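One structure, as structure tokens, below. Some questions next.
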Amino acid sequence: MNITVEIGKLKLKNPILTASGTFGYGQEFEDFFDPSILGAIITKGTTLEPREGNNYPRMAETSAGMLNAVGLQNKGVHYFINEILPAIAKYQTNIIVNVAGNAVEDYVETVSLLNNIDRVDAVELNVSCPNVKHGGMQFGTNYDLLKELLQKVRKTYNKTLIVKLSPNVTKIEDFALLCQDEHADAITVANTYLGMAIDINTMKTKLATITGGLSGPAIKPITLRMVYQCAQVVNIPIIASGGIISWQDAIEYLLAGASAVQIGTANFINPSISQDILHGIEQYLLQKNIKNIKEIIGAMKSN
Amino acid sequence: MNNKKIHTQLIILDNEEINSSHFRLHIELPADCPHIQPGQFAEFYVPPTLQSFLRIPLSIHFVSDKEIQFLIQIKGEGTQYLKTLQKGDKIDTILPLGKGFTIPTNKKVALIGGGCGIAPLLFLSDQLAANNNLQHIFLGFRNYEQVMLIDDFKKYGEVIVSTDDGSFGDKGVITDIFEKKLEKFDYVYSCGPTIMINKVIEICKHNNLYCEVSLETLMGCGIGACLCCAISTKNGNLRACIDGPVFDSNLINNLNY
Amino acid sequence: MNITVEIGKLKLKNPILTASGTFGYGQEFEDFFDPSILGAIITKGTTLEPREGNNYPRMAETSAGMLNAVGLQNKGVHYFINEILPAIAKYQTNIIVNVAGNAVEDYVETVSLLNNIDRVDAVELNVSCPNVKHGGMQFGTNYDLLKELLQKVRKTYNKTLIVKLSPNVTKIEDFALLCQDEHADAITVANTYLGMAIDINTMKTKLATITGGLSGPAIKPITLRMVYQCAQVVNIPIIASGGIISWQDAIEYLLAGASAVQIGTANFINPSISQDILHGIEQYLLQKNIKNIKEIIGAMKSN
Amino acid sequence: MNNKKIHTQLIILDNEEINSSHFRLHIELPADCPHIQPGQFAEFYVPPTLQSFLRIPLSIHFVSDKEIQFLIQIKGEGTQYLKTLQKGDKIDTILPLGKGFTIPTNKKVALIGGGCGIAPLLFLSDQLAANNNLQHIFLGFRNYEQVMLIDDFKKYGEVIVSTDDGSFGDKGVITDIFEKKLEKFDYVYSCGPTIMINKVIEICKHNNLYCEVSLETLMGCGIGACLCCAISTKNGNLRACIDGPVFDSNLINNLNY
């Protein structure tokens, strides 16, 4: 059985990735399973300068989902390169750095630093973080801004470039096409949905930032639809991210046209879920007698 | 020392009712159980409802050679579910998580607990006793109905109890009692409501006492991966679940949640 | 305690409405509670001509939600006026007709017919149905189309006009402001989210139409955020619709700025839920010693 | 005649295992129970999971003066939950829903059921017998392991059983057997998989027999409010939950799901 997939210049031994911000740097999960079995690890959102993130409270539980407003807390790209990367370089899998920024220049400087680092196999451009005042989602919801960003980043970064789109838009296909036109190697569909929750006893918002990003099974039907829509218009690979908690969910995304999937919030409920999902997919292919996983990518039929 | 985390199904040995809103789960100590420090916690899986679907963090209340205990307050659907567990049932558990309390030897120490915040203090008290420390244990409750586990603590040291309404023990909040009975403690430990913790930190700072506090925050993952459990400290935002939940109180900026 | 609210020229005895397409015409619920206790009933989407709707299958369950692709099956506005309305006129509450159409002219003709019918107290313009090929969502996601529609409808229809917005947009505030500028009396925020689901055994879509509308508790955090955002920019009343299954949910929406709420999918799980939610709200106000429900509308505080 | 629907908590009297994938729930007949027709159904509330949160429609399998019975096949989480119910448990139920079968008097009738589709036919058979009808009962199953409730049906008429693999009764699909043994039935009733229903409809049309079929669709509400349960008929799309689930087969366009 062949379950390898290609994302740009990357060969993934399997289509299971862990989503940015939900898997730390892999180390937190070492007691539960070996991150080396993954197709790739995607790091927490990384910015040029260190960031403290938002005030507490940063999360709230919702029906089949959670809101988060972490706000890109991280120690900056230099710390990542010098302190974190050496510790995780041992994983025998691809390391993808999720990059965020306030301004186009931040992104460009960050990716240019990463461009020279061997062990960083790809960059996932986060233009869709709903939890920071400046930067983040503004790029992912504004066609012209995104275009400018992509052009400058693409000039600077030669390795595999993945763009993580925002689902908070009217027509995600337009953004997908833009990424393809501007030579991104792949797109991730999608980040979290802007949402909120209120504590009716205190009458206060549950998040310090008022709004935050909704993730988890609740959003799966919407993101699945977006993956399907994007798959109808672009040729570059699509990486799905949204509400996957079982191998069945992962298969749905592959059938809708995703070449790989990211496991996000589910890591919090079962830290070895990625391993379970990987095995579930293998079983499914075996049972359906499918020799190559590529046969099911985009294989969905109409009713 | 084995300090790995384990993710496993544990067997309920007993579900002990403490009062109308609290119960104590006795769970079989797994064979391969890593060393557990007082102040560490576990994450339980409960079946998702329309209200919640993440795990539930609970402090380790007591550890014996046969079992691990949890003291639980019924709050929402998750803890209600835990209340229904019976002898023989299994529960999906990740443990031990986080950093625990420092255990010195031959010192004079104070423990200050409020309400269900006394949960991690019992195991702490047990381990402090095992290391020959002299303990003053301050426990505060809302009223007589809420008072619990006094006898469990009496084994380890002098117990001072207060209730807000004076229906049992001294009248008043326990931090006031603590302040009145202040001595030159080498270590002060505290766990309880935010308002109490802030007060304990203030008293200790003012009186130059070393203090460790256990902090509860909302947690996404409990293992350091999500950064939802931010605690504002002199060293920036730290994670309650892995850098804590026990912190040196000197590090902590005023808790405002 | 005063729990009346005003929506345009309508006085509602309370802010509990039933959402279009989820409450039939009220009759289906008579065995469970008296629809007269409601602030208003909103009818199934009504079009100029009768419609057969979409093929089966029309629904799929998802995590804390459901997808539907009913596709505006209804017997047309004439049948509504002549056959259905007389049967439900007995309800001592407001009757609001949800109107949909293919083209601007359909909408205009339909509302002009309803304008003369005494017992129809208001129209809710459905510009957001994701389940029909032509009409529906195209208006709710296209600013210029919506503007033209609103101008023509407003000229024709003199009574209370509510516009039900689509949540499938980048910036719902823009659409809310447009409605206010074009003299709509109120907005409903929002209709369902375009989503999909796949049966991994058959590898087919679960809905005959491929995509459908996602409703239920899953979407509540997103729609709540949209209600809050709209409340920051418009003065006309906002009616919330999205995932309400408890009185607590309803209170959240009121705190975020909604003047009234619609109970939708929850009717399927508990047919007398509207009554329970009404009582729950009354208890909450009583307990908080709030004399007038208007005191909590938009009263949310920051954290 | 009281034909209101009621929404109430009903008490489980018994949960009877039938075979590995089927069980029969015996539920206390509520005091205020409206008249129930064979072919009507109920909607049960089950605790929501991450897989589903709507009610579960189930045909009324049998009604006595003390209880209502349901024959249930385990499919997903909802029916799995029902399987765990025990004597004394309560279940939130709405019933009776939909339109049932026509019950004639002194006629010759045939019943054709496949798999769990035999569920509504037992009560139908009982009521047909009470009205003096002569019954030929055709029941089809996949194999011997799946054969069930033959004796229950034998009380009311001649029972012909087939299995696809011939491991019990005649070999072959039940519609073939039915076609072979065709007589001038006044009424034909059928419930089962789509492919079987289509075949029964075809046979009856061809032989000019009046036929009523009970159709299962996905249901959003079960009470006529959501229009999710569309059945394509000569009179346009009708609602399985309120215009059916029992339909005159002449009305039905070929079922293609």
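Order of writing sets the labels: A, B, C and D. Residues in every chain begin at 1.
The rule we apply is simple: a residue touches a chain if its C-beta (ideal position, glycine included) is under 8 Å from a C-beta of that chain, and two chains touch if they have at least 3 such contacts.
Just so it is clear, the model here is predicted, and its values are computed rather than measured.
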- Using the touch definition from the top, list the chains contacting both chain A and chain D. B, C
- Note on the structure: Taking each chain's mean CA coordinate, chain A and chain B are separated, in whole Å, by 36
- Note on the structure: dist(centroid_CA(chain B), centroid_CA(chain D)) in Å evaluates to 55
- Query: How many angstrom lie between the CA centroids of chain B and chain C, rounded to a whole number?
  - Reply: 47
- Which residues of chain B are in contact with two or more other chains? 48, 50, 53
- Query: Can you list the chain A residues in contact with two or more other chains?
  - Reply: 55, 57, 63-65, 216-217
- Query: How is the touch graph of the chains shaped: line, ring, star, complete or other?
  - Reply: complete
- The answer for chain D against chain B in the complex is residues 47-50, 53
- Message: Applying the document's contact rule, which stretches of chain A touch chain D when the two form their complex?
- Response: 64, 217, 245
- Item | Of all residues in chain D, those that touch chain A in their complex | 50
- Report the residues of chain D in contact with chain C in the complex, numbered from low to high. 4-7, 45, 48, 50-55, 94, 217-218, 220-232, 236-237, 242, 257
- Item | chain C to chain D touching residues, read off their complex | 21-24, 28-29, 31-32, 44, 52-61, 63-66, 68, 70, 73, 216-217, 267-272
